[in-house]
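Questions regarding the structure given below will be posed in turn.
To keep things simple, chains are lettered A, B, C, D and E as they appear, and every chain counts its residues starting from 1.
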């Protein structure tokens, strides 16, 4: 599904990604973990075209998408949420999702108001799924941080993605919402969505992931099933801390 | 509200549009002062009463036209006057001619006003750019210089003055040589780069077409870089007292200039009386705009008397070809194109004992007849 | 011959750029710290020139140096009034609202200056020591231009020391990125804002006073400078003082060389240079604080 | 030492806190719990003077400090560490601390060497721009800055958010050390494990109101509270 | 909450337009306007026509600035381009007026396409400065090309077909074109295109993340805005009868920006109201005081301090405060 090969990316001399490579399999949940500053967000930005890699290949369904523009990547079926909330503040929650739906349908440039109402129903469905149905008419900027993250997932899902990237989806969420979001993520593979996510909440990571990729200082230092990764000494030392 | 009598009554209503704010406002103010003086004088001599309203255009041509429309349609003025901005003056001239409202510019020097945009109702007081160029060329032809550098404001005034000067000079003195040209933006604050280039070319003369507030900066740069000691420098307004007054002792000596009007020359009684009256009213001497404001009032007063009322068409007809006495001698509005026939003065800046500012030394009067463009050429430019 | 002309032309350009820098430095400082697009900066510059004129003509022949000292200080005082009386109420408003307020001030000042100083042309003579020119590479470089050049360098060095060496400078830079957080750490950011605005105003006034001996002092000189100062601030990288220095020098030298090679384009040079730089470097030459 | 009495706060037109009351006693860590948007941040910001309180009072050591300008609160002994850390990115670590040092109240006990002592990891980074620090380092720096105000009350908003587990552990130790040094702490925390490990007393917020409060053990007795807010 | 937000960064203020606003009141007003010439003297018709021109220009700017979030600082460039195109066609060719009407917007649109192509790569104030710099280049060109554009003297008089040369003719043309244009722009704002544009305004990075080609959308909006500004320029030629470079200058752009802020960019119709107010202020104040700039400056300062959301924005906020149901979902 997704194969990343030797991705590098530097910021004015600093190598944030120093040759990362891994696979994510179709219909599985893959977690990317690593200490702060390991390069996870940078990796996501490179995968979705928000940053151009300096080198390496990104094969999505056997097409190299390295260097493609974000909107092109999205239209190929790769959607994401952002680590820092990133919604359309002055549009309503419903409109936020509508914008994503229109874009996916290739109707962003449409002039007919009909397309707006057509996608409204589907947008409400999506809001219902992420638990924001009560907020449809609110300006998205007024949602709390956690709710904005949910909205982000809703917008990502509006793209009917084959691959969904979630950057710390539950950071800032209460345990209850975290659990709900975990449930949502867990159901996605059943709908044909492959998930790649980062998270610092190890319970969530080990509870959800079929595969874990560990980054440290821009390098992939380990990858494999959760139990294997947990056992690797380097991972413990770099990331999990002694008792994990 | 307009009473039916106003069209035939004795009170003349003049609408004045000018740049009362911004860098050019000192000219606008001066012209208005001259106009007011003339209005009072006309009334004091038993002439008609002249009312006026003023509108500030901020030197913006689009505003000029909208004020002209306001004055004509709303204020129902009998005459529109003022206008320094050439673009505005041209637009207003066309509009006024079309509406059959007399329009007198007392500041704009564009030759197109009485040229391509001229008409029965359009009148111009100050010497236009063609006349300025002719006057400068006439005098320079008599001097031993042959190698010229031409420079000026990069807008119509600068280009027109320079072009007409060069055309006239080539006629008056075949064999003169043009080494190059420079055009600087209006409002330029630093002329040193331009002067450096000109200096390197070593011409005999720098002829510059610059005016207004920029003239002060230009002369400062000439003085600071000693250019006036390396070559002859000539600019139409270099000897204008308002410029020299601002510069004080910091003005370059020996710069050639032409002047439309000087408060200290000609030393006739008529001029002395005018200057005295002006000083009494405003506390300082008149500049050249004051003369044209003043003449406008005087012409209008005479025109109302001649036309026997304020009928606009009759006023325009009365003005055409009219001659009056003035501080610079008798002046005539040429019948063919409505351009005022007025003399100009030529000389160099010099220190004068007892004064803190430079003056034009030994001014030479160039009679109007020598500098007026031929009527044929003016009328030719009116045919599109 | 041609080479010396080129060199002298370049030198003149740099001195022109330096004057621009003094004004633009204040603008970019205010922008960088307060995030206010201060259109009235040009008005403060104009005020500096008029005040320098008044002080100098009041004091007579020896009035130049006192004028250079007093005029910027008075402008700084006026800036304090503007900041305390007006700007501090609109810091958390949108930038466009700030533009509206400061543009309103531009209009107010343009008329006020005319009411106070009248409409006649004004000018100020350079002091005897700075009058005339020196010959460099065959070119006559006005002494006063060299003086401006030196002052520009002094201002640049002074600002560098201030921003990077003093605690106040560090606080200014911190305030530039996060005002609320500075308050949270116990520093009164409103005082920092006032201080920076006053410093910026002082620089504008200084710029005005400094150019007074080279130009005609007229209402309207505010508009001429503000657009060029803004070009400098933006192409240098918003809020970056070094960027302002570099871009002032580029604009100055570029215009000066432009006069040599393509004299017909003089009017368009600043805009042309700015457009080319922005197309090549879409977020300015140096790093912006934005 | 801190008493919040019936405060109501708004963001623009939207009413966010509906009469929240709570108190922080001497010598402990008080924790705010609650789901997203419950109003934890708003409570902390209201106490810290960053969000206007429309009605109600905040009393600190007997003095009413409702809507006191922020910089004056530091003088009274309240320091705030916001949830997104807000390091000055262009300033070095040392300069970040220097700004806080400039804002310290007179007679402050904490010095820059002392905070380096508490967070040894920061010392080698002194010359590095704040913007280049990792999340954990930024969090330490943010707390270090706040400590220079020598607070009697340190307010932490989600100090562990986005931090790697190893870093969370270290941070917990340091917070505990602060507590031992006599700094009172009021914090909001979504990381339940951390919250439960650290806090002496908890307030559970829900939709801008205090739902319940008590020690961890006391709260744990209510099964609904336990499952909704305390279960991991 | 104070966030370190830049111009139109995702978290900037709250006064940019939402997708909904009232259109029907303006339709009603339009009907009244149709019958005004029966009672108003010529000068007022001329003034009103000037207001219509300014209103269209201000709304065209709001389309790109308020809805598109692009800091267009040089709207006058396209206004002037439209005006010059019309003036040149009218003075230099014998083409009928119905050819002139599209010539203006077309020229402005092409110019917008060319300049916009460079500009949309830039963000916020950098974008603004590039529009300004390019606009001033156009201004410099128009002011110096004496043979073609008349240089700084501009072009006057411009011959108009008989039915347009009277104030009444100008009034009707300006009114009809303005109403039609506003209707089109209004529809655009509420179309999926408009919604997407507003999404980009709020958060361009996110917009790209949901598959929107940000630059293409922005360029399209830029061109649309330029087209309508050009149309306003044609109307100016009809109403005023002359063009000159001041039409293209940045001071004109600033004036339009002020209109927009006066009326408020949070509503569709606000900028048009702002245009009316500014035009009236400048004509009325100018008659009564020599220091009208001072008065206008003070008015701007006071308005910005007390009605930051603009006059219409303020009224609308007042109304919806009384009637919270307005805020509900549609």
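We take it that a contact is a pair of C-beta atoms (placed from the backbone, for glycine too) under 8 Å apart; a residue touches a chain by one contact, two chains touch by 3 or more.
This one's a predicted model, so the numbers in the text were calculated from it and none came from an experiment.
Traced through touching neighbours, the fewest hops from chain B to chain E number 1.
The chains touching chain D as well as chain E are A, C.
Centroid distances built from C-alpha atoms place D farthest away from chain E.
The interface with the greater number of C-beta contacts, when C-D is set against A-E, is A-E. Taking the mean of the C-alpha atoms as each chain's centre, chain C and chain E sit 31 Å apart. Chain B and chain D have Cα centroids lying 74 Å from one another. The geometric centre of chain A is 29 Å away from that of chain D, both derived from CA atoms.
The centroid of the Cα atoms in chain B and the matching centroid in chain C are 35 Å apart. Shown for chain D are the residues in touch with two or more other chains, namely 11, 50. Taken residue by residue, chain C touches two or more other chains at 110-111, 177-178, 180, 264, 267, whereas all remaining positions touch fewer.
Of all residues in chain A, none touches 2 or more other chains.
Note for the complex: chain C touches chain D at residues 167, 170-171, 173-174, 176-178, 180-189, 289.
Chain A contributes residues 48-50, 69-71, 74-75, 79-80, 82, 86-92, 94-96, 98-100, 102-104, 107-113, 115-116, 136-137, 139, 141, 155-156, 158-159 to its touches with chain E in the complex. Of all residues in chain E, only 10-11, 14, 16, 18-19, 187-188, 190-193, 195-196, 198-199, 201-203, 205-214, 217, 220, 327-330 touch chain A in the complex they form. Across the complex, chain B is touched by residues 1, 5, 8-9, 12-13, 15-16, 19, 110-111, 114, 118-123, 125-126, 131-133, 138-145, 211, 213-216, 218-221, 224-225, 255-256, 259-260, 263-264, 266-267 of chain C. Chain E contributes residues 41-43, 46, 50, 143-144, 146, 151-154, 156-157, 167, 240-242, 244-247, 251-252, 283, 286-287, 290, 292-293 to its touches with chain B in the complex.
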